[in-house]
Amino acid sequence: MTDLLQVRGISKRFGGLQAVADVSFNLGEGEILGLIGPNGAGKTTLFNLVNGVFKSDAGTITFLGKDITGRSPDQVVHLGLARTHQIVRPLSGMSVLENVIVGACFGRENQSMREARATALEVLERVGLADRANSSARALTLAGKKRLEVARALAARPMLLLLDEVLAGLNPTEIGQMIALILSIRDGGVSVFMIEHVMQAIMNLSDRIVVLNLGRKIAEAPPAEVVKNADVVEAYLGFPDIVDKLRGAQ
Amino acid sequence: MSGILASMIDGLLIGSVYGLAAMGLSLIWGVMDVINLTHGAMIALGMFGMYLLFGASAANPYLLLIPVIAAGLVLGMIVYWLSVSWVIDRPQLMSLLSTFAVNMMVIGIGTAIWSTSPYNVNFSLPGITVGAYTFTGNHIAAAISAVVIALLLELFLYRTRAGKAIRAVADNRDAAELMGISSTQVLMVAFAIGIALAAASGALVSTLFPFTILSGASYQLKSFVVTVLAGLGKPFGALVAGVLLGLLEGAVSPFIAVSWIPLIEFGLFVVVLILFPRGIFGRATA
Amino acid sequence: MKRTSLIAFLLSLFFVAGGFAQTITLGFTVSRTGSLNVDSLEQYRGFELWRDTVNAAGGIKAGGKSYKVQFASYDDESNSKRVQQLYTRMILEDKADFLFSPYSSSLTATASIVTEQYEKIMLTTGAAEEKTYKLGNQHLYQMFAPATQYLTVALDALKAKDPKATVAFVYEDASFSVAVVTPAKAYAQQLGFNVVFTEAYAPNTTDFSAIIDKVIASKATVLLGGGHYADGSTLARQLYGHKVPLKMISLLVAPDSPQWAELGDAAVGVIVPSQWEPQSTFKAQYGPSGADFGKAYTAKYNAPPSYESAGGYASGLVLQHAIEQAGGIDTDKVAGALNSTDITTFYGRTKFSTVASEHGLQVGHAIVLAQWQKDKAGKLVKQVIWPLAGKSADLVYPIH
Amino acid sequence: MMLRRPLFWLILLLAAVFAWLPKHGNNVALREDLILVAVAIILTSNLNLMIGYTGYVNFGHIVFYGLGGYVGLYLMTVRSWHLIPAALTAGVAVSVLALLFGLGILRLRGAYFALATIGVLEAVQAFVSNFESWGRSTGMYVSFESYVPMGGPKHALWLTYFLIIGVMALSLMLSLGIRRSKFGLGLFAIREDEDAAIVLGVNATLYKAIIYSVSAFLPAVAGALMFFKNGMIDPSIAFEYMLSLEGIVMLMLGGQGTVAGSALGAGLYERLRSYLLTSPRLSAFHLVIAGALLLLVIRLAPGGLIGWLYRLVPRSREVIE
């Protein structure tokens, strides 16, 4: 398995807070890599560093063999690295279809409007939003908006997809559908790097899991090993129910 | 006494009035994140308020500041209700446009009443002469009044319950609500105080220079410059920045034509906005 | 006599009813509001008094017809943008036959573009700057003596009193004052004066402290400049408030207005270059005498006329004269009559240049100097001090 | 694609009517009314590119018009250029300048950007008021001789009028063209949520700078033409803050973000203003009316007249863009 993404020693400090400290890991082609950690561990910040929303204070990020450290998010998307947001950010004044067309137009393939429209319709079909294509993005339910996030990112035709808590707030049926979708995305040849709090899901989906605590990587291993890791358990001590879930997930 | 020193003292005196004007803008901006574009119109109304009161009573203008401020508070509540109360939770551009709309209406009505012709408040206090230079009594009294009003505001904000509530809301509106502070009332009071400060500064300006209903606009622009220099939501910082702006004007004017000063000011304004969007002298409370 | 007037009256009724009444429409804007309102209203009163006088006498008689004068006039708010819209409107919609200029060189320059584009005659008054006449206008006629003369006259007066004076020029950055000061500065140097300070201020300036501090630092003893009423009166007040030790102050336009007296002590001693003063004693070949004009004006407006008022009235007279000479209101014929005009009215001599490169420039009129002085009763009055031949009082120098 | 959009033909029709009506019957008064409407449409539709399409409120949009006028008049009077190349050069020069300004101030978002545009307007005005080559506060004047090669002032004014109508049509076409283009889509995405747009791959910095520069071009050309027609320019008429602000009212009134809205708002407001022009009392009231209109629009119909039409007749969205 070749490495799609290599992260080496990246750090981010906000004022007095070291949000991410010296984190390194690799992500292989076709892999689903999970990212977990207690609240405030720096997971979303790590995503923001990887896709260029924040500039890393140190270290390098290599994607597809290219150094993308310090590149802006739009440049990163063009290379094939797309993401979703933890807090959904639909372009509210536009229709669902237009939202996805934006993703396709400005994605890796830099499609024309005509191509983008076809791509968008295809992606909407895939995420199950085809019937809502012409409604306003604002009018979608939370589950719908999460799917829209995924659809926009997928429309960019990425090689790697960063999913930030796409399961949070969904009901069990919706979670099941989303998991199926994620698996189908991976089967379609797209690698996935995902943050998730729904432990059962991430333990089942991930090939490997990176665990962050207080900005530091404390573990990187297949799910079965992660739950046994003493540091991980300690990190989650303040959250006994999650420890249970971690255990229960196995 | 050297020309530069005299010029800087003149700058210091007028700068405190700029500072007072900017305090009103800064307070409103800091507390409710509204850039109040009625500011200039309110300054102009303060000028005409002083003109009318002085014309009617011939009382000491510095005593007349009290009714001007009182009227400013009432006016502030009306303007708040008209242009701000319903956009407070909408995007910032909405309050920008709604306060701008009210500004147009006030200027329009003011023009219908007073036209755009200049008016004077004919009042002068004896000045202080040092060597060849004389500092007029009106300038000195205006500067003192501005500083006194600023100190009173500071006392109000830090020593009274209402003032503390305003600061709490400015700091974090949601948290203040949780602590049982009614933010709607607090916002209205803060807005009214901001308008009263604008009116007071206008009233002081009217004792110094002739004015028209449009004169507020240039003080509004100066208030922007001062507020941006000071950082938002720092009323007392605004006074200091106003004085510094006046000193800057005084310090450069001996060396260049006065007509270049606006270029320096607005150039500085844009550059500071770009480089220090949170102000040179501090971070925003938000 | 009675019968003929009755017939005339009936005839006029008939013509009015039948739509044959002869009227001419004069269009112009007035700065009723804005920074030029004081000067502009005085000019308007001159127009108005002339119109009422002419109409009371049965109108302008030319080519066997009588023309009643009516005005189409709007407020330009001292704003040159409105001037163009309004002059266009007066020409196109109000069908004005002739135009008077708005007040001030800047507004007139703007209006003259419209009037020239539509080839309408415009008599300019309250507009002394010369540049406008050198842009190729063919229908513009200047009633005021050109700007060059304003301060050169003041410098002549100063030369006679104090050839060693040090001079500061502080003036409005506007068409008129720039046109006045530029040649005046050269002339001052030519006369051997030491010009120690020159600065133009923005037209809407209200705070002169910084400039005043510089004047003090320059150790100037004489200040020349100003612009119009709003800025000039403010400058004088602040010069007084800052107790600037000046021996002579000569400001443009503003001190000519009777309102200047409202400045009280700040008004004393200030000199104004003037197009006309009530004390002037020109022998009028045409129209009323200066005394009659002054009396009629004061009776109507309860204030003495300023030179803007006189210029306004004289514009009417000169146009009336030209229409009479042309025998009608045809633009080309009236233009011809104006080109050959050379008359003396109560306002002085009026003659327009017919040289192509400066067509319409005033070449007959001359500037006098007036100074605000306290009379024996302590009342502020304006006295003519220059030229010496026509003076009503001596120049008070230094002021204090 | 363009040819199948009804508004494309409507714009051509509008321009044809504007050009034909006053010329037929030589109605100069009508021409003078229509030229002001045309200029209002030019300014508003280009302002719409910033406010309506990109979501950036520009309080100082008039600076482009004024600078265009200055560059144009400078080339015509001092360098003796012909009107058309001078106007085009003015457009290009001002666009380049806007690009430079834009790269600086477009780092600011929301209200901070709006404030910076006021700063730019004031700073430019202060600079021009002191700039010797452009005549400082007294400005520049067109010599009447410059009308001679155009066959005298009458022909020159008609020529200017037709050029302005052309610029008006181009402005609306530009808005229409951008609206359904990929570029336009990127702008809309920025308007809705700039950070999300960037994450979706929109190069927001570049797009904003381009649209800021593009929105400067036609107003600058129009400025050169109009100040040639005016015969003079000075800082107070070139950089009239109020006009800049009224542009925002026109846009909000008609419906920001739509092509038809910018034209409709500009047309209605300009006619109202001309109607109120002649009396000082009423002309003061035009500010009151404008302010009240703006307040009502923000409160009741944030989409303006066109937005209101969309709500009434949802299908109209397809036709009236």
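Read from first to last, the chains carry the letters A, B, C and D; within each, the first residue is number 1.
As a working rule, a contact is a pair of C-beta atoms (placed from the backbone, for glycine too) under 8 Å apart; a residue touches a chain by one contact, two chains touch by 3 or more.
None of these values were measured; they are calculated from a predicted model.
Enquirer: Could you name all chains that are in contact with chain B and with chain C at the same time?
Expert: For chain B paired with chain C, the chains in contact with each are D, in label order.
Enquirer: For the pairs C-D and B-D, output the one whose chains share more C-beta pairs in contact.
Expert: Of C-D and B-D, more C-beta pairs in contact link B-D.
Enquirer: State the chain with the largest centre-to-centre distance from chain A, centres being mean CA positions.
Expert: Following the centroid criterion, the farthest chain would be C.
Enquirer: State which chain is most central when centres are taken as means of Cα atoms.
Expert: It is chain D that sits nearest the middle.
Enquirer: When the C-alpha atoms of chain C and chain D are each averaged to a single point, how far apart are the two points in Å?
Expert: 38
Enquirer: In angstrom, rounded to a whole number, how far apart do the mean CA points of chain B and chain D lie?
Expert: So the centroids are 32 Å from each other.
Enquirer: If you average the CA atoms of chain A and of chain B, how far apart do the two points sit, in angstrom?
Expert: Chain centres of chain A and chain B, defined by C-alpha means, are spaced 49 Å apart.
Enquirer: If you average the CA atoms of chain A and of chain D, how far apart do the two points sit, in angstrom?
Expert: Taking the average C-alpha coordinate of chain A and of chain D, the gap between them is 43 Å.
Enquirer: Indicate the residues of chain B shared as contacts by at least two other chains.
Expert: Within chain B, the residues that touch at least two other chains are 111, 115, 257, 259.
Enquirer: Going by the contact rule already set, what residues in chain C reach two or more other chains?
Expert: Each of 32-33, 77, 173, 200, 202 in chain C touches at least two other chains.
Enquirer: Residue numbers in chain D touching 2 or more other chains?
Expert: In chain D, residues 129, 137, 280 touch at least two other chains, as defined above.
Enquirer: So how do the chains connect up here, line, ring, star, complete, or something else (other)?
Expert: Basically it's none of the tidy shapes, so other.
Enquirer: Following the definition at the start, I'd like every touching pair of chains, please.
Expert: A-D, B-C, B-D, C-D
Enquirer: Touching residues of chain D toward chain C in the complex: what are they?
Expert: The touching residues are 28-29, 32, 36, 129, 136-138, 141-145, 153-154, 157, 230-232, 234, 236-237, 240, 274, 277-280, 283.
Enquirer: Along chain D, where are the residues that touch chain A in the complex?
Expert: So the residues of chain D in touch with chain A come to 180-182, 185-186, 188-189, 191-193, 195-205.
Enquirer: Applying the document's contact rule, which stretches of chain B touch chain D when the two form their complex?
Expert: 35, 82-83, 86-87, 91-94, 96-98, 100-109, 111-112, 115, 217, 221, 224-225, 228, 257, 259-260, 262-263, 266-267, 269-270, 273-274, 277
Enquirer: Could you pull out which chain D residues touch chain B in their complex?
Expert: Checking each residue of chain D against chain B gives 57, 104-105, 107-108, 110-112, 114-116, 118-120, 122-123, 125-127, 129-130, 137, 241, 245, 248-249, 252, 280-281, 284-292, 294-295, 298-299, 302.
Enquirer: Show me the residue ranges of chain C that touch chain D in the complex, using the header's touch definition.
Expert: 32-33, 74-75, 77, 79-82, 84-86, 88-89, 92-93, 106, 109-110, 113-114, 116-119, 131-132, 135-137, 173-175, 178, 200, 202-203
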